[in-house]
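The same chain A turns up in both complexes below, where it pairs with chain B and then with chain C.
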Partner chain A sequence: MNFTITRQNLHSGLAAVSASIPSKTTLPVLSNILFEAREDGVWMSGTDLDVAVRVKVPADVKEQGSLTAPGKKLQEITRELPDQPVEVTTRGDQIELKCGRSHFKLNGLPAEEFPTLASVDFSDAWDVEGKDLHALIHHTSFAVSTEESRPILNGVLWELRDGEMRMVATNGHRLARMGIPAGTSGAPSADFIVPPAALQQVQRLFKDEDRLSVAKSGNHLGFRAERTEVFTRLIEGTYPNYDQVIPRDSDKLAIVDKKALESAVRRMAVVASDQTHRIRMMFEPGRVHLNVLTPDLGEGHDELEIGYDGEELEIGFNANYLLEVLRYMPTDEVKIAFKAPERAATMEPVPADGETIDYLCLVMPLRLLD
Partner chain B sequence: MSTRRIHVLPDAVANQIAAGEVVERPASVVKELVENALDARATRIDIALEQGGRRRIRVSDDGTGMGREDALLSLDRHATSKITTAVELRAVRTFGFRGEALPSIAAVSRLTIETREAEEEAGTRIGVNGGGITGVDDAARQRGTTIDVRNLFFNAPARAKFLKSVAAETRAVSEVVTTLALANPRVAFTLTSDERTLIEVPRAGDVAARVAALWPGPEAGTLIPLSHSERGVEVLGLVQRPDVARPGLRRAHLFVNGRPFRSPAVVRAAERGYRTTIPHGARPWMFLFLEMGGGDVDVNVHPAKAEVRFREEGPVLEVVESAVRGTLQGDASSATFDAQLAAPVMAVREPRPATKPSADQMALFATASDQGEGGDAAGAQTEIAPVGRPRLWQALRTYIMAETRDGLLIVDQHSAHERVLFERLIRAFERGGQDGQRLLFPLTIRLTRAEYDLVEELGSLLARAGFEVEGFGGDTVIVQAVPNPHPYFDAERSFREMVHDLTNGSELSRSAKNQHERIASVFACKSAIKSGQKLDAREMQELFDQLFATELPHHDVHGRPTIVRLSTAELERRFDRSGTSHGG
Partner chain C sequence: MNESPRTRRILLVDCDAFYVQVARLEDPEGAGRAPLLVVGGSSGRGVVTSASYEARAFGVRSAMPSAHARRLCPDCTFVPVPIGACAERSRAVRAALQELAPVVQAASIDEFYLDLTGTERLFAGETFTESAWRIREEVLARTQIQVSIGGGTRRVIAKLATRRAKPAGVFVVPEGGELDFLKTLELGDLPGVGPTLVEALAKKGLVRVEDGLRVQEPWLQNWFGHRRGAWLYRKMRGMDNSEVDPHEGRKSISSERTFFEDLDREEDLERRLLELSGSVGATLRRKGFRARTITVKLRDHDFHTRQHSRTVPEPVESDQAIRSVAGELLAELRAQRRVPVRLLGVGLSGLLERGAPHQLGLFETEAVAGETERDRTVSHIVDELRDRFGTDAIQSGRLLDGPTPGRRPRPGKE
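Entry: the complex of A and B
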């Protein structure tokens, strides 16, 4: 293997890939990056076995070949190199870098030891707009569960339907769901449960303007744009029937200024218990009262003018869940719907006239004991 | 005409009867004689036994001694130099006050008193046989008194019959001497039995040093000082670190106003202070010195003065419990890696103004004035609680390491979180309960019949713990809401395991004091962050802060430590850096 590459290209390639390398691993080859010099350029790959990233960078390839080399070290070296062409060659299992008068040799491992990346066949791929994917990921993936006994909930559900796609995530306490009328072509009707780590790579590596090809083979999903590929293992199993638990009979509606509510809740949260983060909301016509009473600490009270003409109702929430959900609401005003203190409350954006945003967050209340 | 049948007993007979109460066995003789020596402000007391004291008991002291007249008087019943009025009896700080011991012992033995006051030229020797004086002579000797008791119970065969083996009587004497040696650390003691030295302790600065001299084993290093004052009762002393408390034999010594006493109730109160910090059945060592107004305790209720009566026992027990509890809140109570713990250092109390001469023997501990009024336990200990925000890091996904001023703390994340959750739920129970997070997808859980019945029975308590459970028919329940103690909480597993433990009983659930504690400890155990859980910096900090905000941060709910200390001193010792030469 022998190729010459600009320092800039080498650096951006390494940066793209090395974020997918596990920082600690019992399998030494995983801390390496796989270099594959082909006619048309150099592919670099990294993986933690669940998610793999592959990028192609332009280079002047004199001799094709492949080798793996320590990712972090290469990245650190490249960062410090002068802005001159870098010649990369292999000598047995060593990789050699020459740049101006700098010269490095690093011990690598043969390419054969690198785990084979999921081979996703892109011949049945469908297309997705980068910005659509980004919007879905951004608005939902925060809600995945961190608790490991139900692996299904550790992933984001990605539903593809005719003319529409949706993502849903929940930890059983709150849920986020977003839908977009998809300009996808040739998409199957399917459900995937995608690890959030993979979606993070997708967010990081693809641009809004990119048009991505997505394909599934076996238990793997692949995302590809021009020079970048992300592969991920899918989480197996059936996602719980979330649609059934989204209330349709909420008869109390409040229209609230998002910023005002957010800052009121944030103020209240300071005094809330550090375990349940409980705040109480008392809705009455035209107004909501926020109350916190934490024994051993103190109490707080706040109120906001809101659009509400339903019955009086008091409901408790984990302030953190409310803040999270509010943070992702894309409009200045939000609509909160609820029915009873022990039932789910939902929050939706209030878009300008003529616009529709298919976004819904649901927060389960805290049971108020006193 | 009736004959008069009632008559006053001659002294000799009265003394023999009194002896029955005061003088039961050699150990009681030793106790009385040593107490007399202490009352005479001896600084060194030597006790020698032959044949467990049956044949001979000799107690010599370097105290004030007696003049000849006093020495003769001392053999009379109710002859005492220690009190003169009934009022003084209440405030009495000396061991003796009845003027009963010497005549009682003399009545049932062949006894010799040898004594000399500092001012007198010649000493006095008095021989007594079965209570009758057989001779009074001059005796050349140093200041002090030696009482030699031979042939105990030679004239009371019924009593002699009750004596146990030489070994048993020797053991009892040794116990008496140990107890009095604890109460008087500044006095040197030796006890020999048929030429064998059983106890030899030099004068010591404080109780801790005395304990270390009496028990040269590792235990002295596991004791932490206790000092607490509340409602007119001061409790000072030493108690064992919970992590080293074991079942089986232990030392529990109680003193009130310097006087040893027995009281299972007080020991139990102290053990209540240990609740949740030691495993079920563990018996911590304790040396507790109570100080209170003379009017609050009656020491004159037992012939051998082995028991006392508190004017109000309830409050005393409460103070003892909270004294121990308070000590266990302190940093010194945490487990440690340090192999060579110095015996705890205790400053010496300034002698209290006292009406009677020997009151300064109570001067054992740091006074309130050394530590601020009321001297709380924490103040007496080295500060290891981290100041500011120490850097925390996680080791083996199980331990949180922190650097403090005096070394390292190693915190077990699961145990620590257990303590946090336990106290939180206990406090929540006190005001209703803790919130339950309603679930989007309620849990459907199958239980055994017995478990189902338990859930039904405990339903309202479980609800107050945050678990909202509904019966579903058959043996299945639906859990609608669960507590949310941390982001990695597996509610279903926690609930199942809790119910299983509560139904089938576990050590933890058995050792609980009441239903609230039982549920809280089982909940804490099943819901705390597990070992193996990776924590980020913020989560570690939160756990750390929460732990140190609990009442007993150093102990989990199973009686295991949450924290193990590794002091700089110990590290230096291990790396052989203690010398300055190594410094650079």
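Entry: the complex of A and C
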């Protein structure tokens, strides 16, 4: 293998791939990056066996071939190299870098030892716009569960339908759901449960203007644009019926200024219990009172003027859940809907006239009374 | 300075049927007029939090499924737990006690330890018993809450004396009278002596504390293991140096067993794990807690000790949920090192009071919530059966399969 590449291209290729390399591994080849020099450029790949990233960088390839080499060291070296073309060659299992007067030889491992990336067939793929995918991931993936005891909730549910796609994530206490109109590609409907680590790579590596092909083969999902591919193992199982738990009969509606509510909740959270983070919200016409009382610590009170003309109602929440959900609300005002102190409350954006945003977050309350 | 240890003067203040009292105070026209009153479980599927003394006469007990309580006492009035008011009244009692005693430790929502050591001169005009009566009357006057007070030179004595004091009384064990007092009790009355141990003791002919006091320490150690034997020896004599610590709360519940012979077969370990999970689960429920963290501890034959813990998303209380997590933890530990095992333990921590405010979940399925309402009900029913008919009344089928592995064989007639 022999190719010449600009320092910039080598650096951006390594940066793209090395984020997928596990920091600790029992399999040494996983801390390496696979280089494959082809006629039209150099492909670099990295994987932690769950998620794999593959990028193509332009290079002048003199001799095709492949080898794996330590990703972290290569990245550190490239960062320090002068801005000159880098000549990369292999000698046996060693990779050699020459750039100006700098010269490095690093021990690699044969390409055959690198795990085969999932082979995903893109001939029957869905077409997705980068910006749509980004919006969905950004607004939902924060809500996934990090508890290992319920693996199904460790993923984001992605529903692809003709003309629409949706993502849903929940940890069983709060939930985020977003839908976006999508073009009709004629591809069949599908549901995937995608690990958030893969979605992070998608967010990082694809641009808003990219048009992505998304395809599934076996238990793997592939994302592909011109020079970038991300593959991931899907989470197997049946996602809980989230639609069933979204309340449709909430009869109390409040319109609240997002920033004002956020800062009031943040203030209350300071005095809330470390265990439950409980705050109480008491809604009355035109106003919401926020209260917190933590034995052995103290208490706090705040109030906000809001648009509300329903009955009085007191409801308890984990302040952290409220803050998270508020952070992702894309409008200045939010609509909070609820029915009773032990029923789920929903939060939705209040878009400008003529605009629609299909985004809903749901937070389960904390029980105040038995 | 005088370095000789001072006689400690410890009181345990225990509110009588606390939830019932509060419910009556909050609703004098309703709950206040119902002698047969049950608090909690009013939703139909819940469990009894507390029952009035009148209702207790019908067999209604706390932690009993309310459906069962209704059968025992059809005329009972059921009211929901006034949680907010209970917390408020509890704080009021505590505040009153803090004015009356130098050191106050809240042991639970309705139990408070007081340390009056060193107040002999301050309250020179009255005896320790008189001080206790005065505190009782003061608490009643200030908070309207009836309490019973047990007293003694140690925490454990005060705790045991409280049972004698109830309801609405005071019972102080005089200094030097501890042994005579303990002799009036059964071994099962001692804190930490559970049904299993009571049974084991009974097999040795030991039922009353008095019986146990005649046995020398080495014999107890021989019968029940070194540590447990020593612990029992001290317990029966009411030896307890623990301090009244205003900042202490209950932090964990655990149970462990050292096997008579090392166990190496997975199925044997799983059986013992099942038993331990059931034992900590029963204690957890009896104390009215739910747990978020489950720990399994292994000591290998070479004394190498290791443990794994897992924190579950929702606090759990059922045997089903505890043993399923414990089983996975045991499998992980065994996968790391598979050698004969000397000791196995199960611990629960991250304890939350059952009635405490908690996060409601979206989904009620087991895969997501960890345990279902059904799991909880089953565990409470099992507890209730065991309370009435003994530990062996109901067992997991797997525990019935032959002798318990790793238990000391009982000398039989061969």
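Convention: the second predicted complex is superposed on the first by the 365 of 370 C-alpha atoms of A that agree within 3 Å, B and C clash if a C-alpha of one lies under 4 Å from a C-alpha of the other, contacts with A are read in each partner's own complex, and residues count from 1 in each chain.
FYI, a contact is a pair of C-beta atoms (placed from the backbone, for glycine too) under 8 Å apart; a residue touches a chain by one contact, two chains touch by 3 or more.
On a predicted model such as this, the values are computed, not experimentally measured, just so you know.
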item	value
Chain A as common anchor, with chain B and chain C clashing or fitting	clash
Chain B versus chain C as contact partner of A:E312, first or second or both or neither	neither
First, second, both or neither for A:D274, with chain B first and chain C second	first
Which superposed partner A:D332 touches (first chain B, second chain C, both, neither)	neither
Those residues of chain A which chain B touches in one complex and chain C touches in the other	147-149, 170, 172-173, 175, 240, 242, 245, 275-276, 278, 295, 316, 318, 342, 344, 362, 364-370
Chain C-facing residues of chain A, complex	145, 147-150, 152-153, 170-173, 175, 240, 242, 245, 275-276, 278, 295, 316, 318, 342, 344, 362, 364-370
Touch list for chain A against partner chain B, complex	146-149, 170, 172-175, 240, 242, 245, 274-276, 278, 295-296, 316, 318, 342, 344, 362, 364-370
For the chain B and chain A complex, residues of the former touching the latter	424, 427, 431-441, 464, 466, 468, 480-481, 483-485, 487-490, 492-493, 542, 546
Parts of chain C lying in touch with chain A, wherever the complex brings them together	40, 46, 49, 80-84, 87, 91, 310-314, 325, 352, 355-363, 365, 367-370
